[in-house]
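Input: a single structure, listed below in C-alpha cells.
In order of appearance the chains are A, B, C, D and E, and numbering begins at 1 in each one.
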C-alpha cells in the first residue's frame, strides 16, 4: 500500500504570482510527514498539487516513481481531508462517508460496517442521518476526516483536520490517526498548526515558509537543532526569544558572546568571528528565574499569564528587548517587579545576520 | 472507539490498480485531457452537426440565392445583401422598431421580473399560488386571448383609457396608433415576465444564507443587503437573463404577429425584424432574401452578445 | 439508530415582518395577481358567453352563461380533444426528459470540464440561439422528410435529446458555475469519474435550475405551435395548440366558444405541472457546511 | 392497388365537416381510394403549404386563393389541368369567365369552388336605431358618406361610427377603380391606375374622416383584415367591407341583424365595379404522383349533386349552373343572403379581372400602409397616391 | 459602549431536537467571556442566538436589560466572527473589511485608515485587493476577524477565530484581541478550543456541555477548583488523569483514600464517607517521576511523546488504569520500562459517583 512521494522542483504560479518556488522533497513509502509553516505559506497548495486538484506550474510529481503531473485526481489513489471540509451538502453524514466506497464499487453490506466503525471512532454515530447543514463546526470536520479514513488510499492528505475540535477530542483523534497510520502503513501527509500534533505524529516535519522549504527533519531535531532562525522561531510554542548579541571571542572549544551587556561563555565553537553581530536565541521554557544556570539579564515583568499548568512572564530586558519566560506551575509573580532570568548555555542558539544557525 | 481500524483489510492489488493510470503516450494524454469533455458534449455535438449545422449552412447558402421556396434556388451572389444595405427602406425601419423594442422591453422586463421574484422569495403564506399566478401571463403565451385582451386594455375604449379618464386624460387607441403601438408591445413583453422571474427565483435560492447573516450583522438594511449582496451574487443569472432576453427581443416575432395580425401595422410601427423576415419569406416567397436578412440579424445579435460577454468580466461574479 | 428529524429551516430573514408590513405585501401581491389573472378570467368568461358577445363586450361578466362550448370543443373536431391532450402530453414530457438530460450534460461539460476548443464550442452553442428559426425551417423540414420523420413526433422530440435547446444549456452553465468547485474536488478525491460527479453531485445540487428547465420545457412545448404545424399533418397527431387553431379561420365561420373553452382546459395541466415543479425551487444548499 | 389522396385546405371545422362528407361520398364511389384531409386556419395554412411544397411533400389537392394562384402556378408548383378537360374534368356548365379565373398564362391551374363578391356589410339594426335608411344599389359614395356621418352624429351607440375606413381595403379600392374604368392590375402585371385616381380615393376618405362618416384611423388600425377585428364586429362601425361568402360568419359574431349591400357607386352612372370572384380553387400539386385521381376527385367535388348538397354555399356559390340549382333549393334564410346578393348585382357587376400578379400580396400591404399614413395625417392624399403608385410599380417590377 | 448580556433560561430546539437546555448566564458590561465545551455542545448556537441569527426557542435574551429576542440582528449592535468565515465572495478583502463601515455611513476617508490598520494588525495588507477565493484558509480567517474588528460594536462575538492560524500568529492575534478589548472596553464573547487562549484571555470562562452550563468562573478557579469531573477533565491539557479510588477514612482535617492499592492521606476533609467509591483526579503536569511528593504507583510506560519542551509518558498503573505524566524538557525514558509516579496531595481532586467535586 505504501507509496513514495517525490516532488522535483515543484512550482506553483497563480497568474503572475509565485506561491511555490521550486520544492524538492522525498517522502518515503509509509512515512508520516507533517507540513508546518505560517498561514499562507503554501501548505494547502502543495497538498492540492499532490492530490491533482491544482495544476503543477513547474517541476514534477512522482508517486512510486511514476510521473503524475497529468494524471486525473481520481486515479491517483489519494484521500484528502479538505481544510474547508467540502462535505456533500445534499447527502446525509452516512452517505458522505459511504460515497467514496460506493464509488469504488463496494457492496452495501461491505460499506455499512466500515462507515459505522469510522463513525464510532469519530464519535458521530448519532449524527449519521443528518445533513451537514445541521452539524456543528467540529462535527463537520469529523465527517470530513471520516470521509477520508473509510477508504484505503495509497496516500492520505490531511489539511488541518483537527483545527476545530476540542482539546480532548483532538488528542483522541490524533491517537486514532496514528493508529490508522500504523495499521494501514500508507503514506500520510499532514498539515497542522498545532505544535503538539506536529511533534508527536510526525516521522518527519517539513517547515515551509513563503513557498520554500526551510528545513526537513525529525521533530526533535528541528526543536533541538533548527537550521535557521525561522525554524527556531516557528517550532516550539511559545516562540523562542531572540536577542541582539555580538560575538566577543571565538576559541576552539568555546565562544563568548555579549548579550544584554553580559558576556556569556558558550561551551562550543561558533562559526563566526569576533565582532560579528549575531542573534541569540533561547526558548522561554529554557529560561528560569530560580538560582542555577547562567544569569542572562534582570528583566522587568510586563505581563503575567497564568495558564494553570504553566506561567508565562512577558518581560523586557534592560535594553528594551522582549523576553518571554515560561515557568512551571502557577507562580506568584507580580507585574511590574523584576526578576533575573537565567539559562543553560547548552540550550541556547545563535544565528548569523542571514538567519543561519552558527 | 479503539483499535477499530485494525480490522480493515488491506487491499493488495491497489498498487497494480494505480499503475495503469499513468499516461504513456502523447495520444493517451490528449485523450485523457479531452475525452470526458467531448463525451459529455456528444449529444449536443450530434445534435449540432446532425440537425442544426446543415440547415444553418443551407440558410447561409440560400442567402446568396433567389430561393422562392417553390423552385430551385439560383445563385445571385451578394445581391440580397447589397439590396438590404442600399435599397430596402423596410429593413431600416424594421431594424429601428426592433432596436426600440430591445432597448425598452429588456430592461423593464428584467427589472420587473426581479422585483416580483424578490417579493415572491420571502417566507409568506400562499407563495406557490402567487408564483403560479404571476407566471400565468407567460403561460398564455401568444394566444388569441392575449390579442383580444391587449385590445381591451389598450384600445380607444380600453381599460387604460378608462383609468386615464379618471384624471381627465383622453387617450388615443394606443394599440393601433403608430406612435404608441410599439409601447403596447413593450408592455406585453414586460407583462409576460414569468420566465426571467422563475430564473431569478432559482438564482435567489442559490445565494448562500450566511451571506445575509454576515451582512445583517454588519448592520446592513434589507435594501443594502439587496444591492450589496443579492445583486452581485445574482449577476450570473442577471447576465444570463439579459443576454437571453436581448437575443429573444431581437428575434421577437409572435407578439407583433398576433397583435398586428401579421401586418406589422399600423404604418409598420410594429414591423419587427423577424416579422418582416417572415413576410418576405412566406408572404412574398423571397426565402433567399429572408435568409440574408436572417444572417444580418445573427451578426447584429452576435455583436451585442459578444459585447455582453466582454463586459461580463467586469460585473459578473462567478464563484468558481 | 434513531433517525434525527432535522427541523424545517427557520425563516431566512430572521427578523419577523410586522403585521402592517405583511398586510401591505399581501395587498400588493393580490393586486398584482388580479392583473395577472385578468386574461384567464376573460378567457373563462369568453368560453361560456354567447359567441356574438365575445369581441364586442368589454366586461368580463357574460350576459348569460352556457357551458355547451366545452362539450362542443371537446368532441366538435374530427378528433376528440382528449387525443390532442395526450399528444401534447407525450411530446411535452419527452421534451422535458430530453432537455433536462441532454442540456445538463452539455452544460456540465462547459461549466466544469476542461477540453480543447471549449470556448469555441460554447460560442457556437450560443450562436445557435441567434438564428431566426424561420429560415432554417425549410432545410430542416427537408432533412426530417428525408429521414421519414415528418408526420411523427420525432422531429419535435429527438432534437431535445440532442440538446438542441441552447437556452437551457446556457442557463444550466450559469447555475452550475455557482456550485463550489471544492465539491467536485472532494468527489474527485473520492475517486469519482466526471460522470459520477455530474450525476451524484452536480444534478442533486442543481434542483432549482433543473426544475426551472423542466417547467420551461414543458410549458414551451405545450404552447409551441409552429413546430407541430409544420411537422404534424395528420389530425390524430395534432397537439393542443394545433387543435385550438383548427377552431378558427379568420376568413370563415369559427368556433370561438370552443376555442376559449379548450384553451381554458389546456391550461389545467400546465398549471399543475408548474405548481408541482416549482416546489423544487428550493433553497440552494450547495455552500452549507463549508468554510468560505 | 390503393390510392392515397392528400387534401389540404384552409377553413374551420364546419368546412371540414362538409369537405369530409364529400370525401366519404367519393370513397363510396371509388373503393380503394383513401383520402386524408388536413385543414388549418388561413394564417397557418400558407406557411405549412409553402414548407411542404418546398420540401417536395405537397398534398395532392391544394386549396388555392385567387391571390396566390399566380405565385404558385408561375413557380411550377401546380399541375396544369387543361389536358383533362373536358373528359376527366367536366366544367361544361361553368361560367367561362370563372374558368378563366383559374388560368394563368393560358393554362388552367385551379378549379373554382365557388364565387363571391366584395360586399358592404351593414348593421340593419344600427341603421334602424338611427332612423337612417339602408343604402340602395343607386347610392353613391357621396350620399353614403352623408348617411354614415348622420349615423355617427345620431350617436345611438357609444363609439359607433357610420362605416369602417375602407381606404386601405384592396377589394374596395379595386371596385372604385373599376367603376372609373381602371383596374388595380393589368393583365400584363402592371398597375392599372394612376396617381390621379388614387389621390381622389384618398381624398374621398379624408373627407369621410373629417365628417365623422368613418372611424378614425387609430380605430381602423385595429382591423387585422379578419372577421373578428373588423370594426363592424367590434361594434365600432355600422358598416364594414368584406366578402359576400363571409356573411354567415359575420352574422354569427354580431348581435345586430346584418345585411349585405354592394359597394357604393362613384357616380350615379358608374358601373361594373363588382365581379364574381372565385372565392377559392382546388389545384392539383405538380408533385403529385396521382394527378389523375386528384383531378377526378376535384371533378367529383364540383360536379356531383350530392357533393354540392353537402358543400352548400360554404365556399361560395357553386360555379356549375346545375349545382347552383341543386344548392339553392336547400338554403336557409341567412344562407340565401349572399346567394341573392351575388346574383342580384346586375349592372354593378363586370368582367373578372385577371388574377393578381406576383407581388400582389405585398401590394395589398402597401396600400394598407399608405392609407394609414394618409389617415394618420402623415401624408397628404396626393403624396400618398404618388407613393402608392411608385411603390406598387417597384414591387411589380421586382416580382 | 459596554453592554451587559443576560441569558434567561434560553433554550434552542431544532424541530424535536433540544440542543440548548435552558441556559442562565449574566455577562457584565465590558467582560471578556470565553465559552468552552466539547464539539457540538452548543457554543456556536448560543452565539448565533445572541447575534439574532438563530431564533430563540425559549427563554429571554437581554442586552443592557432590554429584551432582544425579536430584534433584528442588524439592530443589536453586534459584530461576529463566523466559525465558517462567511466572507463576501464577490468583494475584495478591502471591501469585505470596509463593508460594515460603509453600512454605518462612514466616509471613504474615515474608512481607509481603519481598514488599513486592521489589515496591518492581521498581517494581510498585501492581500487587500484579492477576492476571498484566492486566499489561504488562515488568510480567510484573518479577514473574517478583520471584518468584525474594524467596527466598534457593543458586543463582539468570536467563534473560534484563531483555529486556522499558526502558533506564532495565534499568539499575536490573541494579544491584539486583548488589546482591542482593553481599548474599546466592550463586551466580548469568545469561543475557543485552545486552552491557552481560554486561560489567558478570559475574565470568565463558561464551560458548556451538551447544551448546559457546567461551571462559570475565572480561569484559574476552574483550573484549580473544578466543580465537577467534567470541568476538571475539560480544563487543562493534557487532560486530568482519573483513577478509581475508595475512601478509607474521613477525619476532621484529613481524608485517607485508597488509590491503586496505596492508602493516601489527603490533608483536607472530603464530603464523603468511608467505603464510598470515588474518582481520584490528578493532572499530568502535577505528577512527577523524580523523588519527592507522595508515590502514587509504579507505572509501566506505554508510550513516550517528546514535545521538545515537555515529554509525555503514557503509562499504565499496576491495576491497568491509564495514567499520563507530563514531564518538563526532553527526558530519556524508554517505552516498556517502569517508573514511580508521585504527586503533591494538595494538587489532587476527588469526585463522587455523580461527578461532583467533594
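One rule holds in what follows: a residue touches a chain if its C-beta (ideal position, glycine included) is under 8 Å from a C-beta of that chain, and two chains touch if they have at least 3 such contacts.
Here's who's who by UniProt: A, E = Sugar ABC transporter ATP-binding protein; B = ABC transporter permease protein; C = Sugar ABC transporter permease protein.
It should be emphasised that the depicted structure is a prediction, and the values quoted were computed from it without experimental measurement.
Peer 1: I need the common contact partners of chain D and chain E, sorted by label.
Peer 2: For chain D paired with chain E, the chains in contact with each are B, C, in label order.
Peer 1: With contacts defined as at the top, give the pair, B-C or B-E, that has more of them.
Peer 2: B-C is joined by more C-beta pairs in contact.
Peer 1: Counting in whole Å, what is the centre-to-centre distance of chain B and chain D, each centre being its mean C-alpha position?
Peer 2: One centre to the other, that is 40 Å.
Peer 1: For chain A versus chain D, what separation do you get between their C-alpha means, in angstrom?
Peer 2: 93
Peer 1: For chain C versus chain E, what separation do you get between their C-alpha means, in angstrom?
Peer 2: Once rounded, the distance between the two centres reads 55 Å.
Peer 1: Can you pull out the residues of chain D that are in contact with at least two other chains?
Peer 2: 43, 47, 51, 54, 224-226, 229
Peer 1: Please set out, as single numbers or ranges, the residues of chain E touching at least two other chains.
Peer 2: If we look for residues of chain E contacting two or more partner chains, we find 14, 52-53, 72-74, 83-84, 86-87, 89, 137.
Peer 1: When you check chain C against every other chain, which residues touch at least two of them?
Peer 2: Only 4, 6, 14-15, 54-55, 138, 180, 193, 248, 250, 286-288, 290-292 qualify.
Peer 1: Go through the chains and record each pair that touches.
Peer 2: A-B, A-C, A-E, B-C, B-D, B-E, C-D, C-E
Peer 1: Report the residues of chain D in contact with chain C in the complex, numbered from low to high.
Peer 2: 6, 10-16, 20, 36, 38-44, 47-48, 51-52, 54-57, 224-229, 233-235, 245-246, 248-249, 252-255, 314
Peer 1: Which positions of chain A touch chain C when the two form their complex?
Peer 2: 48, 51-53, 72-74, 78-80, 82-90, 99-100, 103-104, 125-135, 140, 147-148, 151
Peer 1: Applying the document's contact rule, which stretches of chain A touch chain E when the two form their complex?
Peer 2: Touch residues, chain A against chain E: 14, 36-40, 42-45, 83-84, 134-139, 141-142, 159-160, 163-171, 193-196, 199-200, 219-220, 223-224, 233-239, 283, 285, 305-310, 312, 326, 328-330.
Peer 1: In the complex formed with chain C, which residues of chain B make contact?
Peer 2: On the chain B side, the touching residues are 33-48, 50-52, 54-56, 58-59, 62, 69, 116, 119-120, 122-124, 128-146, 148-149, 152, 157-159, 191, 195, 198-199, 201-203, 205-210, 212, 216, 222, 236-237, 239-240, 243-244, 247, 250-251, 253, 261, 274, 277-278, 281-282, 287, 290-291, 294, 297-298, 301-302, 305, 318-320.
Peer 1: For chain C, which residues count as touching chain B in their complex?
Peer 2: These residues of chain C touch chain B: 11-15, 17, 22, 25-26, 28-29, 32-33, 35-40, 42-43, 46, 54-55, 58, 102, 105-106, 108-111, 113-116, 118, 121, 124-132, 134-136, 138-140, 143, 158-159, 161-164, 167, 169-171, 174-175, 177-181, 193-195, 198, 208-209, 211-212, 215-216, 219, 223, 244, 248, 250, 259-260, 263, 267, 270-271, 274-275, 278-279, 281-284, 286-288, 292.
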